[in-house]
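Both of the next two complexes hold chain A, though its partner changes from chain B to chain C.
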Partner chain A sequence: MKRILCVPLDPVHDVGIKIIRRKLADRGHHTELLPPDLPMEEVVRLAATQPYDFILVSRTLGYGVAELLSRFNDLLDAAGVRDTAKIVLGGKPITPELAAELGFDHGFGEHSSLEEIFAYIEERPVTVAAGDTRGPKPSITAPYSYEFRHARIGALLETIADRTLAWAEHKSSPGVQRARLRERILAEPDGGGRARLTAEYHTLCEPVIADGNRDGRFPKGVRRITDTELTRLRGLLDAKRPLHPSRIRHTGERPLLFKFLGSGCPTMDLLHGKVCERYGIDGFLIINPSWEARYEGLLHGLLTHENDGTITSLENIRLLRELLHPSTLLTVRGHRGLNTPETVLLAAHAGADLTKINLVYGSLGAGTDPERLTVDGLEAMRIAGRHGMGFDIPGNDELSGVPAYKSLAGQLINVMLGKRLGAKAILKPLFCYGPHIVLNGQMERNYVDYNAAKVRALRAVADVPVWPGEPIAFMTQTEERVQSANATSYHAALAASAGVDAITIASTDEAFSRGPITIASRIDSIRAVTDAYRFMGDASFAPTAQADRFTEEMVRDIERTLEAVAAQPSLPHAINAGLLGSREDGAYPGTFGKGSVTA
Partner chain B sequence: MSIIGIAGTAKNTGKTTALNALLGEAHRRGVPVGVTSIGYDGEELDNVTGLPKPRVVLHPGMIVSTSLRTLPPAGWSVLERTGLFSALGEIVIARCEKSGAVVLAGPKTRADLKRVTERLASYGCGIVLVDGALNRIAPMPVADTLILATGAARETDIARLAAETAAVASLFRHPLFSGTYDVPPGLPRMLHSADDTSVMLDRHAGMHVLHLPGLISTQGWGLLADALTRVSHSISTIVLNDPVALLLSGVPSETLRIIERLARHGVNVSLRASMTLGAVTVNPFYPRFTGTSYEADTVDAETLSRTMRDSVKLPVIDIVRDGAAPTWEALFPAG
Partner chain C sequence: METTALNAVVDAVDIETYLLCSDAKQGHALALQIGREMNLGEVDVMFEEFDGYGVRLRLRKYVHRPAQRYRWLEQEAP
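Then we have the complex of A and B:
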C-alpha cells in the first residue's frame, strides 16, 4: 500500500487524475485528492505535512507552465518532501524527456497505459510491455474448407477448370521458363553454374532488363540502394525491438487490416511500414511499378525507383521481410503481367506470406494477353501451392465498369483453379461505388445493402475467406482528408459487421497525392478505423431487406455467367468473348505478351 | 575540487551556452572536468518551444553523469552505475572517448546531485560543472559557486530584469550565521499562511535564534513580518539553510524588502551555508510566442549588458559577444 497525494495543478483538466486516483484506490492504495487549482505554495505545504510515497501531478502545458512546474519541484525539494516522495507528472503532451527536464521522477503521457502507471507506483516491472504484445502470425486461409456450398456453381467451376487446365496442359511461355530457370539459379551455389544459368535467363528477357542486370543501365528513375543508405536504415529500424502496437479491433481478431506499400523506394516503404505497425496494422501489400509487369524479365538487386510502385526483386522483398515485424503479413503482387510465376517464386523465397493472382482481372483490367496470363497464372498457382502460400484475387475489374457478379464469377474460377493446383485463394469483392453501381442505382439508398450482399453471396457459394478490397470505400472518397477517413471507417465497420477475414484500407491522400503518400494520411485512416471499431464494438449493421434481394440476384447472375463460361473451350476463350467483362462494360482483353505462348 | 552550478532564471536564458563555454575553456586549459545536468539538456530542439538549441559538446577524457539511455552507442566507457534514476532511467558515470555532442539527463534532487558530484570527484575531476534546467535552483546548494544565466527569455523589459537580478545577487550576499540556534517543534516545512506564522509565534517560547529548515513563501514572509512587528517576542535572528531557501520564497525583490523591514525591527535573517554567485551571464535571445508557436527574437544586446553591469556588482558576460574566456576568468581569477 502506497500513500499517494493526487494534485490537479490545473484550473480545468482534473478528469484524468480523478480516474487514476480511483483506480489506485481500487488497488488498495491510500489516496488523497486535492481540489484543483490550489496555490502551489499551499500544495507544497500540504504535501509536507505527511510522508507521502508519491505526489502525482496533472497539468496541461501552456505558456510559462514549464517554469511553474520546475518551481514546484524546487519547492518540494527544499521543503524536504522529496526525501520520501517521488514526484510524478502526468498530462497528454508529457514525455520522459520533458519530465526529466522539469525535474520530476517520472512522467506519463498520452501513450502511457494505466498498467505502466500502476507498475511504477507499485515498484514492479510492467507486465504487459515486458515482451512483444504482437501475437503469432495469423492465417487467413487455414479456417476454411474450400468446399462449394452451391452445388451447381461448384459443378460449373469444375467444368471450367477441367477445360482450362486441359487447354493449358502442354503450353509454356517465356514467363514460365524464366521462373523455372530462376528456381534452378536459386538452388545453384555461387559460381560458374549460376553465371551460365543467369546468362540463359537474360536471353529470355527484354534488353532493358538484361542491360540493367548486367551493367547497371537501368530504366529511367531506377538505381541501386547504396551501402550507406542500407546501414543507416538498419540503424534506424530495429526489427527485433518489441512492438507494443495500438489495437485497432475493439473486439475479436478479425478482420485483419492491410495497407499498401509501394512508394517506389523500399526505405520509404519501411519507414511508413514501421509507423503503421505501431498503429496496429496487420499486413502490407507490396505494389510493384506497372512497367515491371510489362517487360519480360525482372531486375535483380536492392533497387529504388523514383516513381509509383516498389520493384519486387528478391532482395527488395527480403529487405522488407527482414525489417518488418515477424508477425506482419506480407503480400506481393504477382498477378497482372509477364512475370507472374517468377514474382510468386521470389515472394516465396523472400519469406512473403501471400501473393496476388487473378487471371481474369489481370487480362481485362491490367493489359496482359488472356492466353499468356492463363498459362503464367496457372504456373504461379502451382508455385504458390508448393510453397504453401495463399493468394488473393483482387476484384478491381469492377472499377473498369464490370458488374460485380462478373467480377465475382471470375474470382470463383480462380478459387477453383487454385484448389486444383494446391493453392488456397482469398476472395476479394470490392467495397466500392463502382461505375456499374453508379449507372444501375444499387447504392442510391445506402452503401450498406449492396456491399453486404457481395459478402453474403460469396458465403452462400463457397467456404472460402473473404477480404474486401482494394482499398475499401473506393470511389466514395474525396481529397478532403476527414471525409476520406470517415468513408474508410464506415466501410471498415460494415466489413467487420459482415464478418470478413481482412480488409485493405487506403490512406486519406491515396487517390489524390500526386506522388508518394504521407505518413500522416496513413495514420488518419488507421485511427478512423480504430475509432469506428471502438464505436461498433460487438454491435453490427442491419442491412435492409433489399440486401437479401441483391444477394439472391447476385448468386443467380454468378451462376448464369459461369454457365456461359463453361460452354467455352477454355478460360481465355471466355475472356476474349467478353463473358467476364465486355467492351460495353469497359473491359478490354489485354495485349501484352500476345503470341508469346508456346506449345 | 570545485563545483560550479549553472542556474537559469528561465528556459532559453543561456545555460547551455555557458556550460559549453566552460567545457571548451577546461579542454583548452587541460583541466580535468566532470559534468552533469539536474534536468535534460543537449537536445536538438527544445522540449517546450520546438526551437533549435545549442548541443552540449564534450571532449575525450571528460567525465559525465547522465542516464544510460541518453548516451550515444559509441564513444563512451561506462565507469559505474549509480543506482540513482532520472525520468529516463538509471544514471551512470561515463568517460568520453571521442569528441561529440551528448544529451545530459542527470540527478533531479539535491540529495542525488550530492551523491553524483562525489562520484565525479572520485575520478579526479578538478572541476565539476552542474548544468541547470529552466529556472530550477533547489539542487544547486551542492555547488560552491553559481553562475546565473538570465536574459530576455526571463523578462524582455531590461530595467526590470536588471532590478530583479540585483535583488537575487543581494540575497546571495546575505550574512552567514555561526552560533547555536533552536528549531521550534511542529512547524510546517513551508510557512505560507497566517496559521503557519501563528504556530511559529506560539511555539518559539523564549527562543532567540530560530532555525527554519524548510521554506517561507513571500506571502509567509509578509505575514511573519506583520506579526513580529505587532506582538512581543524574543526572536532576534531567523536562520535559513542557504541563499536558495531565500530565492525560493518567490519574488526576490519583495522578499528582500521584507527582510530589510524586519531588520529595522531588530530581527535579522541569516544563513547556515553560503554560496558564491560568481558571475551573471546575459542572453538577449527570447522565444516570442506568436499565438500558435514560438519564434526566435532578441532585445538589444549592448543595452542589456550595460544595464545589467550597472545594477549587479558582479562580472556580467554576454558569452556570444564576449567569448568564453571571461566566464572562466570570473570564476577562477588566479588562472
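Then we have the complex of A and C:
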C-alpha cells in the first residue's frame, strides 16, 4: 500500500486526477485529494505534513506553466518532500520526457494507460502490453449457417443455381485455363517444367502481358520494384513500431473496419496500411488497376504502378501479406474482368483471407461479358471453396442506377452459387445515396431508414454475414474534409446500430478524383469513426417506422426479381435480359471477353 | 540524401484556409496563387466554396506520387 497525495494544481481541470485517485484507492492505496487551485505554498506545506510515497500533480500546460512547475519542484525540495516522495506530473499533453525536463520523476499523458500508472506506483513492470489492441484474426463467415430463412426465396435461388450450374457445365474460358495452368506452375518443383508451363500460359495471354512477363516490356507506368527499394522498405517497417495503437470500436467486436489499398504502389500501400493498423483498421481490400481487368493474363513479379490500382501479382499480394500485421484481414478483388479465377488462386496462395466476386455487378458495372464472367466466376468460387476462402459480394451496381432490390437479388444468387461450390459469401449492400434512390426519393427524409432496410431485408432472407460498403456513405461525401469525415462516421454508426459484421470506410479525399488518396485523409476518417463509436457506445440509431415499410417492399421486390430470373435458362440469360439491372436503370451488360467461352 | 521536411512528406501537403475575395473567380485565382507564393508550384484545388465574403479552400500539393522515387524511403531507412 502506497501513500499518495493527489494535487490538482490547476484552476479548472481536476477530473482526470479524481478518476486516477479513485482507481488507486480501489487497488488498496491510501490516497488523499487536495482541492483544486490551492496556492503552491499551501500544497507544499500539506505535502510535508506526512511522509507520502508519491505526489501526483495534475496540470494542463500553458504560457508560464513550465516556470510555475519548476518553482513548485524547488519548493518541494526545500521542504524535504522529495526525500521520501516521488513527484509525478500528469496532464493531457504530458510525456515522460517533458515531465523529466520540468524536473519531475515521471509523467503520464493522454496516451498513458491506467496499467502504466499502477505499475509505476506499485514499482513493478507493466503486466499488460500497453495499448496492444490487436487480437487474433477474426472470421467473418464462421458464425453463420448460410440457411435461407425466407423459404420461397431460398427455393428460387436453388432453381437459379441448378440452371446456371447446368448451363456452365463443360464450358471453359481462357481465364479458367490460365488458372489451372497457374496452379500447375505453382505446384511444379522442376524449373524446366515451370518454364514449359509458363510458355504455355503466355499463349493464353494478350501480347502486352506476355511481353511484360518475358522481357520486362510493361504497360506504360509499370515498373519492377528494385531490390534497394525493397530492402529499404523492409528496414523502415522493421525499425518503426506503432506508438499507442488505438481501437476504433468502443464496445463489442463488430463491425470490423476495412479500407481500400490500391495506390498503385505496394510500398506506398504498405506504409499507409501500417499507419492504418496503428489507428485500429482490421483489414484491407486490394484494388487492382482497371486495365488489369481488360487484358487476358496477369503480370508477374513485384511491380509498382503510377496510376490507380495495385497490380495483383502473386509477389505483390505476398509482400502485403508478409508485412501487414498477422491479424489484419486481406481481401483481393477478383470479380472484375478476365482474370477472376487466377486472381482468386493467387490470393489464396499468397495468404489472403478473402476475395471479392460478384457475377452480376462484374458483368454490369465493370464491363465483362456475362457468359464469360459466369464461367470464370464459378471456377473462382470453386477455388475459393477449396482454399477455405470466403468472398464478399460488392453491391456497387447500385451506383449505375440499379435499384437496391435488384442488386440484393443478384448478391443472393452469388450466395447460393457459392454455397453450392463450397465457398462462403458475404453480402455487401451499398450504404449510399445512389441514383435510383435520388430519383425515387427514398432518402428525402433521412439517410437512416433505407440503409437500415437493406440490412433488415437481407437478415430476413438469409443467415449470412453482412458487410455494408463500398465504401459506406458513397455519394454523400464531398471533397470538403469535415463533411466527408462526418458522413463516414454517421454511416459507420448506423452500420454498428444495424449489427453488421464489417464495413468499408472511405478517406476524406475519396470524392477528390484528381489524385491518389493520402495517409492524412485516411487518418481523418478513421478518427471520425472512432469518435462516433465512442459517442454511440452500446446505444444505437432508431430507424423510423418507414424502415419497416422499406424492408417489406424490398423483400417483396427481391422475391419478384428472383421469380423472373428463375424463369430464365441461366444467370447470363437473366443478366442479358436486364432482369438484374436494365439499360433503363443505367446498367449495360459488358463486352470484355465476349465470345471467349468454349464448350 | 538531405533530410528535409518536404522529403519526409509521405504523399501530399494539404492547405486549408479561408481567403477574403470579391467573387468565386478571384477566390479560385488566389487559391492557385497561394501554392506559387509558398514555393509549392501548382496546387490542386480540392474544395472551394465562396460565401459572399471569401472562399473556404482545401488545396493539395502532391510531393510523392505512387511509383515515384520516395525520398522519405531514402532518408528514413536505417
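Methods note: the second predicted complex is superposed on the first by the 476 of 599 C-alpha atoms of A that agree within 3 Å, B and C clash if a C-alpha of one lies under 4 Å from a C-alpha of the other, contacts with A are read in each partner's own complex, and residues count from 1 in each chain.
Heads up, the rule we're going with is that a contact is a pair of C-beta atoms (placed from the backbone, for glycine too) under 8 Å apart; a residue touches a chain by one contact, two chains touch by 3 or more.
Every value quoted in this text rests on a predicted model; they were computed, and no experiment measured them.
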item	value
Chain B versus chain C as contact partner of A:Asp105, first or second or both or neither	first
Chain B versus chain C as contact partner of A:Thr95, first or second or both or neither	first
Which of chain B and chain C A:Val81 touches, first, second, both or neither	first
Partner chain(s) touched by A:Asn486 [first = chain B, second = chain C, both, neither]	neither
Partner chain in contact with A:Ser400 - chain B first, chain C second, else both or neither	neither
Touched partner set for A:Glu306, first chain B, second chain C, both or neither	second
Which of chain B and chain C A:Leu271 touches, first, second, both or neither	second
First, second, both or neither for A:Glu67, with chain B first and chain C second	first
Common ground on chain A, meaning residues reached by chain C in one complex and by chain B in the other	none
Footprint of chain C on chain A - complex, ascending	221, 223, 229, 231-233, 235-236, 238-239, 263-265, 267-268, 271-272, 304-307, 478-481, 509, 512, 514-516, 518-521
Residues of chain A touching chain B in the complex	39, 41-42, 44-45, 48-49, 61, 63, 66-67, 70-71, 73-75, 77-83, 95-107
Chain A contact footprint on chain B (complex, rising order)	10-11, 38-41, 43, 47-48, 67, 85-88, 105, 108-111, 133-139, 188-190, 192-193, 196, 213-215, 217, 219-220, 241, 244-245, 248, 250, 289
Contact set on chain C toward chain A in their complex	10-12, 14, 16, 44, 46-47, 49, 56, 58, 60, 62, 64-68, 70, 73-74, 76-78
